[in-house]
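These are the structures in question, set out in turn.
Below, subunit A partners subunit B and then partners subunit C, in two separate complexes.
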Partner chain A sequence: MGAQKKGATARVAEDSEVVARHSLQAILLADSFTTKFRPITLERPRVLLPLVNIPMIDYTLAWLESAGVEEVFVFCCAHSKQVIDYLGSSGWSSKPKFSVTTIEANDSISAGDALRLIYERQVIDGDFVLISGDTVSNMLLTQALEEHKERRKRDANAIMTMVVQHSKPSPITQQSRLGTDELFMAINPDTKQLLYYEDKAEYSKGFISLDKTLIADNPSIVLHNDKQDCYIDICSEEVLSLFTDNFDYQHLRRHFVKGLLLDDILGYKIFTHEIHSSYAARIDNFRSYDTISKDIIQRWTYPFVPDILCGSSAIKLERQGIYRASEVTQSRSAQVGSFTVIGQGTKIGNNTKISHSVIGEGCSIGSNVTIEGSYIWNDVTIEDGCKLSHAIVCDGVKMKLGAVLEPGVVLSVKVVVGEQFVVPAYSMVSLIQQPTQQDSDEELEYAENSSGTVEIPSDKLNGEIASDLSDTRYGPTPELGTGGVGYIWSIFEGAHDEEWRHSVAPIPTDKVAKIMLDKDEDEELLTQDGNALVEELKSDSEDDDNEGSRDDYASFEKEVEATFLRAVHENVKVDHAVLEMNGLRLSYNIAAVDCAGAIFYSMMKLAVESLHSSASELQRNAMEVITTWQKLLKSFLHDIDEEIEVILKFEEICLESAKEFSPLFSQILHLLYDKEILQEDAILRWADEKEGADESDKMFLKRSEKFIQWLREAEEEEED
Partner chain B sequence: MPDTQALVNDFLNKLKKRKIEGSQAAAKQTAELLRSVISQTRVPYTNQAAALIQSVKAVGEGLIAANPVELAVGNVVRRVLHIIREEDLSLTTAAMAGLNLSAVSDDEDDVDGDNQPVLSAAAIAAASRSTLRPPSLQTLLEDVPDSAAVPHTSSSGGDSEGKSKSADKSSRSRKLKHDVIEAVNELIQDINTCHEQIAEQAVEHIHQNEVILTLGSSRTVLEFLCAAKEKKRSFRVFVAEGAPRYQGHLLAKELVTRGLQTTLITDSAVFAMISRVNMVIVGAHAVMANGGVIAPVGLNMVALAAQKHAVPFVVLAGSHKLCPLYPHHPEVLLNELRSPSELLDFGEFSDCLDFGSGIGAPLLHVVNPTFDYVPPKLVSLFITDTGGHNPSYMYRLIADYYSADDLVLQRRATSGN
Partner chain C sequence: MDFQVVVLAGGNSKNLTPLISKDVPKPLLSVANRPLLYYVLHQLRQSNLKDLIVVVEGEDAALHVGSWISKTFVDGLHVEIAAVPEDIGTAGALRAISHHLTAKDILVVSGDLVSDVPPGAVAATHRRHDAAVTAMLCSVPVSGSLESGSSGGKDKTKKPGRYNIIGLDPCKQFLLHIATGSEIEKDSRLQKHILHAVGQMEIRSDLMDAHMYAFKRTVLQEVLDQKDTFRSLKQDVVPYLVRSQLKSEALLNGISQAEENGNEKLSSPNNQVLDSKILANASTPSFHELYSMEMEPDDSAQTRKTHKCCAYIASSSSYCVRLNSIQAFMDINRDVTGDADHLLSDTSSDCDNIIGPSPKLGSKTTVGPHCMLGEGSEMGDKCQVKRSVIGRHCRIGSHVKIVNSVVMNHVTIGDGCIIQGSVVCSNVQLQERVVLKDCLVGAGFVVTMGEYKGESLARKEK
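After this line comes the complex of A and B, so read on.
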């Protein structure tokens, strides 16, 4: 084996020389193809939104550069001109040893389209990093890349490595940190192969369903709910061609990953790489914007932190996590609290209080203003006495005297809030009117996003709308108070209860309590089912340990019983019940024989436990159960041995657990024969076997003597 | 020139991304980069020194801004500037001397030219005074108000050049660059060998059966200890692990492979162990002009413990770590906060860093500073490649290595921002 390994590594060394020769490429999607950041993204692309005063794309590009990527293809779709202009003006396009090429397309409506287009261009010639332009990370790529290449050499079907991160396994953490739903992944702990991916698990049902072949094919599976998807993928070139082959793939995760996992014809495999100490996260919505901003301020993303990215002479980190640019005018009486960033050229007036906030460049903040947990971008004017808490205020916004923003408000570019006006919680305010048709179908949201406003240059748009608004400013119903400019977007149907999920504001305590409550209920439900959320199903083929196997059998029996009862109570179809039983059988590595016995046992138990006052009633109960579930039982009775096992089991039941059955033994045996669950051969062989047993053991044989006699005669007659 | 530009950018990037570990590496690479900058710079016929200084300054400013915490980069930039000034001066004096000689010979040949030798003699006197006098406190004080040292020297150079036009001009211009590059090579050599230079003095400081305490890992300390070991001194070393990076573990491993009796302790056990220690020997990140030390985090604690028990606290530092700035200088960034992930696993603590619930701010803050500042009064001795020095002597070494004009490099400071 050692020799083999050596040979393999030698080959690897050779190959890696070949690989090392061509540079590492990356595809950066500068469009999210979603509408989570609306209304801001109607006017500016998401990747250029400032994250702690630096455009998001800078973090991604800086990381790619330091991670050793040499060629980046930036795919721009919505607001492509702005992205291209930015890349040009910020110097990213003209770096030696790090080439940034933009690929522009205005008709792509999804990541799938983007990748198909890139495939057509034929610019990718090897492994590449697929990343979205709103990802912040400081992980080292080398190890993940090596693992990926290593696997590729062993198995050409290992086309993708997905980076995941450990997080606390609690729905509240996922929700409150990144504003995403809980993510379930099944991973083979040995090979790190990803087997199952579900980011939209339905809570109402409280369960997720795994394909039984997964359990059959893999010696062990770990089902995780404590992993966070970092949306950093290392892909091989096949990924692009796969997108082209499957033209219906749109979403990277929902379609591509799940599609590959389900499709076992091509046999492509996805693997995971877990990062521990480094940081990686994607800004998916306003909540993760808030969270990641705070992580950056707390330096988890080091060295991609403001004072280093901007050059330390521009921004200095002071005590208590205050980042202050070099030219800030701050009144003596103003209080700047901890973990706050204040940009270049900002003026802060008397008695103003700022805490846990990010203030952009060139803002002027008046006196007696309170700013708490808010993100204020560049050139914002906030007049005296305003109050802001947990709001996002975009470039060029004006807040007039005494205006108030309640938690969760988003003010898009150049909105003006009138004097003393209180913007209600969770409002989205924009100069652009809300698009009239709101389709909850996400597929269409992609389309809307890109086709909405791309064609109109935003400055022109703003100008027009501003002038429009100035006409209507003194109209009958100014939406934002006297002198206010902008439309408050109405929250469309279905999202009424959900607005808090994705907003920057902290989750209201009652909602937190609700999530926790839901979670507890879930857990109860799950423990009842005997199905813990994270369970390790192991099927060791070599199971010498008798005791272990007996324990296994006992727990298996219980499991079967629970499943059967659930099937009965929830009216599960027989077919599904069969599948489930089979799954259980495989996961416990139990022979079909024992399985049939266990099922029969649970059926009888059900019959006994249902109401009955006399033996005849019990018989009727048993008959009912057997008639309804005969198919289930039959599907585990493939040969005579198994049928005999059922009879033996029945004997055992009559002797031990349910003595009520012992007088009915022969009747039920007859019933089973009638229903063609047991063949006469089986019964006869059982009888023959029992012939030589002890007297005590013959009790049931004697009871069913008549029936057997009858069977024998019938057989003889047939033979005649 | 584009070649150097690419090199500069590359190095800038590395500095920015904090990819260069250790001040020695940073110093060496800076010196090498500046050498190539100098060799690529086109030198005009007049004011060569000024042109070189200009280009080195331009590059140096960028380098310092890229990672202001790595003071060694700034030190090397200033050293190179100093070298250029020195070489220029010595060439000028040499030219003067040559002129003088020729003037003397002129004198012998021509009796008319009476005025010239007098003038040149005065010039020689001025030049020789400025070059040959030993750098003393008095000259330092003289120099500081004389902010126009560059124009002064260059003007004198220009003067002399005007006069020595007949002398081979081209060879002179080549000579300056050549000399400067030679001197920078020497500097690189010095940086390379500083460990050995320091280690040579080990036997004078470490005695038989002593117990030495150190914290974290420093290549200088390792070489120092091993040098003493090689000279057949037998002694024991206590290594404090140096949380959170635990480089002390590596040092302990290395010491053991070299056959030294080593004890690994936690940082928090330093105070308990210090009473058994004869000497504390540590490395430094930078030595400031007042003799204060910027050192890996935890060393101030060790220094205080050493002072409490009257244990000598010895700091080893190559001369490239000698920074001409004072710690209270506004341009000096004393510390850098690194990622909290060195302290704890992000995944494990993600629930403590929950911003969504509660007050919207996490209750847990993790602070991970890289450096400590050890005030000069806690340091007993500095051992540099030139020998052992008292903290109060540091300013004197600085006067040897740097010219006063280069102390403030950043344009930002001059433009009053």
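After this line comes the complex of A and C, so read on.
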């Protein structure tokens, strides 16, 4: 299919006399490679989730078509069959001037893998638009494309143009709008070149560190906190080959963009294009799902709004932003409030109140139901007296009499909520049990799910739940009340207390305050930092480099300690620990000498922190630790200087951090000698060095006098 | 205007030996036949800033400077001379004279600034924003652009110099970040919370902090009081103020705040805010105000204290150089007699060179453009002067060639001397056929016949 198409484009190129006129291509990633929409995405691909009753991918495809893209390659991975089937059934695959080709892969785990695969297929032959299948936009591509091409002509290294948009600064806005983390970008105001990109809280420091060469090369840089990344990129072919060359690039932004920005050998450049009046946003989590749904209902995305996109089902826009499909059965006493969408064939009972919500097709909603700010997909049954606020309710869910959904709840496909049951806030409920392994990777989502329907591995279900909803004979699961079916997922470890960030529910005021507080704390750190900076400046004049390295060393020491403790607690093999330490050492660029000192320090600290009531017990502790980890320590003791360093470090420990050791100094020194960690030469050299020191400094030397004496005698004997 | 001006005139500077000495402190160093300090004082007088404190390092130097000022600026300027010990830094100097400061705002100018930027404009900007500190920024000077490879043998990096890294808000009114000195060579660290408040920050490395600051007196005194380790305005005080602008609880509380608020808020609390907004020439409040209001709905007692740090950016056509190296000295001499001759306001000469009254020039002697010849100087036959400054009452023999050089007052130059790219201080005697190339000759030195290249000739200090 791809080859055919290429032939066609070639002909077009010949026909039109313009040289190098390509048909505009786009790569649409129909997989997010994240788990933000779990548990729903365990059963359905994200791009097919309905956004105001229309699958997300439709918005993206419709925009691409309108923007003049002629050829789209849809990359599917998780639930690829579903995506392919949908594209076939919805008619996207058979449009005359808009070709949609699917590329299927089941073993890709990241955008990087996807692009590498597409590169292998060799279907891209020019500039292309790289977009994810969950993007809603109505921007015009023409200008951005022209800018991109113009730049390419002048500079072959300008391989990518990122679309960005203005947004209000302050983390609160960003959090409350799209649920994204704050983003910092540095852009050259004249060329629009992107110089720095920092998203995520990966550096949760209170400051941004700009490389000095950046400033040297650009007399003026604008640092933005008020831009939003639209995740629409115009790329040149090189981008694909770059992904292939750098096989470790996974994430588009975190690896690729940053990799390119940091790399100064190839000299590839990324530029930005800012859109002002048009709309572009990506649905990355439940919060952005909520926000963008509202934007669509309020027609910011025009012409991609429900009544225009699905002309066939004839949704009508009424006053106050109410969209109503043609065959809605609504009781007279039901109240439908503003900014609400009601899908075809839905029935609404008496005295039911609905506002700011989206109701899918074929739903039946009973009497006295309150629905507020919620997203209800297709074929949902809500019985009388239910209350829903700020929830997402997927296809085929059944809510029995008087069930209540508190804000932030997500009910995945075909869950049944029992009578009068109150689903607690922020719960995720699914028929599938929560994957026990929190490996942060998302294997499950990629697990081949060849059948289009929900086919759940039976071992996961323990036979409790059947795919057929009417079959409740398996008995009620206590988790969801009488007659309820489904599992309430426990909140991920590490993410607890964070669920509000990405949920559909509005952020509670106390959380807003929390964000503020976090920010304040940052500042506090910062002011201290700032003061430190001043002090640093002072000493800078004397020893510019030392200061930095001392800082480095302190943090290195901490890292070593943490690594060591982890190794101890998780029973990591010594060899692995050695590797890890080496990695640390290289990344901090610390000499082996210091590394040995740091490791020894961590070992001693461990010994001191383990339970002990007397000196002898402490000694035993220390012995244990040293015996277990001697190999680790030894692998960093290559020569005598390093060994002396360990002794000096030990002295320091005894004097400062763990005074408990000071009476044991000589014993432990002996132990280290016995274990062949320290050679006698090292000990003697240390003793000689200390000989000339101050009285106070010689404290430990005196304590170990006997031992040293013994060593000397042994040596002499040997010589004899 | 209720502005007090502090001119930090300095005294000794190692960079400038042997041009300056005990007898000629830095403020009195002759630049285009005028003491260096003249340029600053002249600009201040032009801006109608007349309440001055001139701070000089060392008692002797202060006496010299004082007597010169009282001779020259008898009219109009109200000048106090304050002597401070040497080597206490700019912040130290201000701390030492802190009790003399009484006005609401203080303008601090470095005495070695040769500039045509009106200090009044900086002061006005400061007032308009009601800022805690306003710093004057100017474009980085193009140093040594002429072929005059010239003096000092100072090996500077050839790149266009970077003196500061400066962060500005989008309207270029507020100073958000400033890095000086050794920080520039490191990676820049920019505070996120300022970015949160302001949204975008422009980082410029083509601007230079010209060392002309306007401070709110209370703030200045508070900082000097509390941070007794601060030595330099440029490296400590200003960066500190900029850094803490959204978090200024360290300052402004205690007495000064009460005093400030007391005075202002008693009269009309709302009007004051309104006034400052109108004065700020902005319909929308600045990010400082927005930021400080963010907290209010939550807890009105806990509003954030902020202070504003403003920037006055001199237009790129204006002239602004600090005389802090011999290279700068050469540059300024060249510029003042050439492109920037408007700095010498009272010389109204139609020619492209400036020649004092009653010069005595021998036959076939030419004085080229961009030259200056002080009054009472005499030149013999067949001399050539190009791009040079010659002081008063010099006696120059015949066949002398002076190119790209500065010759100060009362210098005697024998026949057949060639002087290139050099500085010859006052009372120097050059014997016949001396050849000087890129040399510095200290005051009162006698140069015997011979050829000198790149040397620094000076009398041993006793």
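Rule of thumb we're sticking to: the second predicted complex is superposed on the first by the 453 of 720 C-alpha atoms of A that agree within 3 Å, B and C clash if a C-alpha of one lies under 4 Å from a C-alpha of the other, contacts with A are read in each partner's own complex, and residues count from 1 in each chain.
Just so it is clear, a residue touches a chain if its C-beta (ideal position, glycine included) is under 8 Å from a C-beta of that chain, and two chains touch if they have at least 3 such contacts.
Remember, predicted model here, so these are calculated numbers, not experimental data.
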item: Which superposed partner A:F247 touches (first subunit B, second subunit C, both, neither); value: neither
item: First (subunit B), second (subunit C), both or neither touched by A:E65; value: first
item: Contacts of A:D290 with subunit B and subunit C, given as first, second, both or neither; value: first
item: Which of subunit B and subunit C A:P189 touches, first, second, both or neither; value: second
item: Contacts of A:S209 with subunit B and subunit C, given as first, second, both or neither; value: second
item: Which superposed partner A:G373 touches (first subunit B, second subunit C, both, neither); value: first
item: Subunit B versus subunit C as contact partner of A:K168, first or second or both or neither; value: both
item: Contacts of A:V222 with subunit B and subunit C, given as first, second, both or neither; value: second
item: Those residues of subunit A which subunit B touches in one complex and subunit C touches in the other; value: 168, 170, 226
item: Residues on subunit B engaged by subunit A in the complex (per definition of touch); value: 5-6, 9-10, 13, 16-19, 65-69, 333, 337-342, 345-348, 350-351, 353-362, 365-366, 368, 410, 412, 417
item: Contact footprint of subunit B on subunit A as seen in their complex; value: 62, 65-66, 95-97, 138, 165-168, 170, 172-173, 175-177, 179, 226, 228, 276-279, 287, 290-291, 294-295, 298-303, 308, 311-313, 316-317, 321, 326-327, 338-339, 355-356, 372-373, 390, 505-507, 509, 512
item: Residue ranges of subunit A touching subunit C (in the complex, touch as defined); value: 168-171, 182, 184, 186, 189, 205-212, 215-216, 218-227, 513, 516, 519, 522-523, 526-527, 530, 533-535, 537-538, 540-541, 544, 548
item: Subunit A-facing residues of subunit C, complex; value: 159, 162, 165, 167, 181-193, 195-206, 227, 229-230, 235-236, 239-240, 243-244, 246-247, 250, 294-295, 298
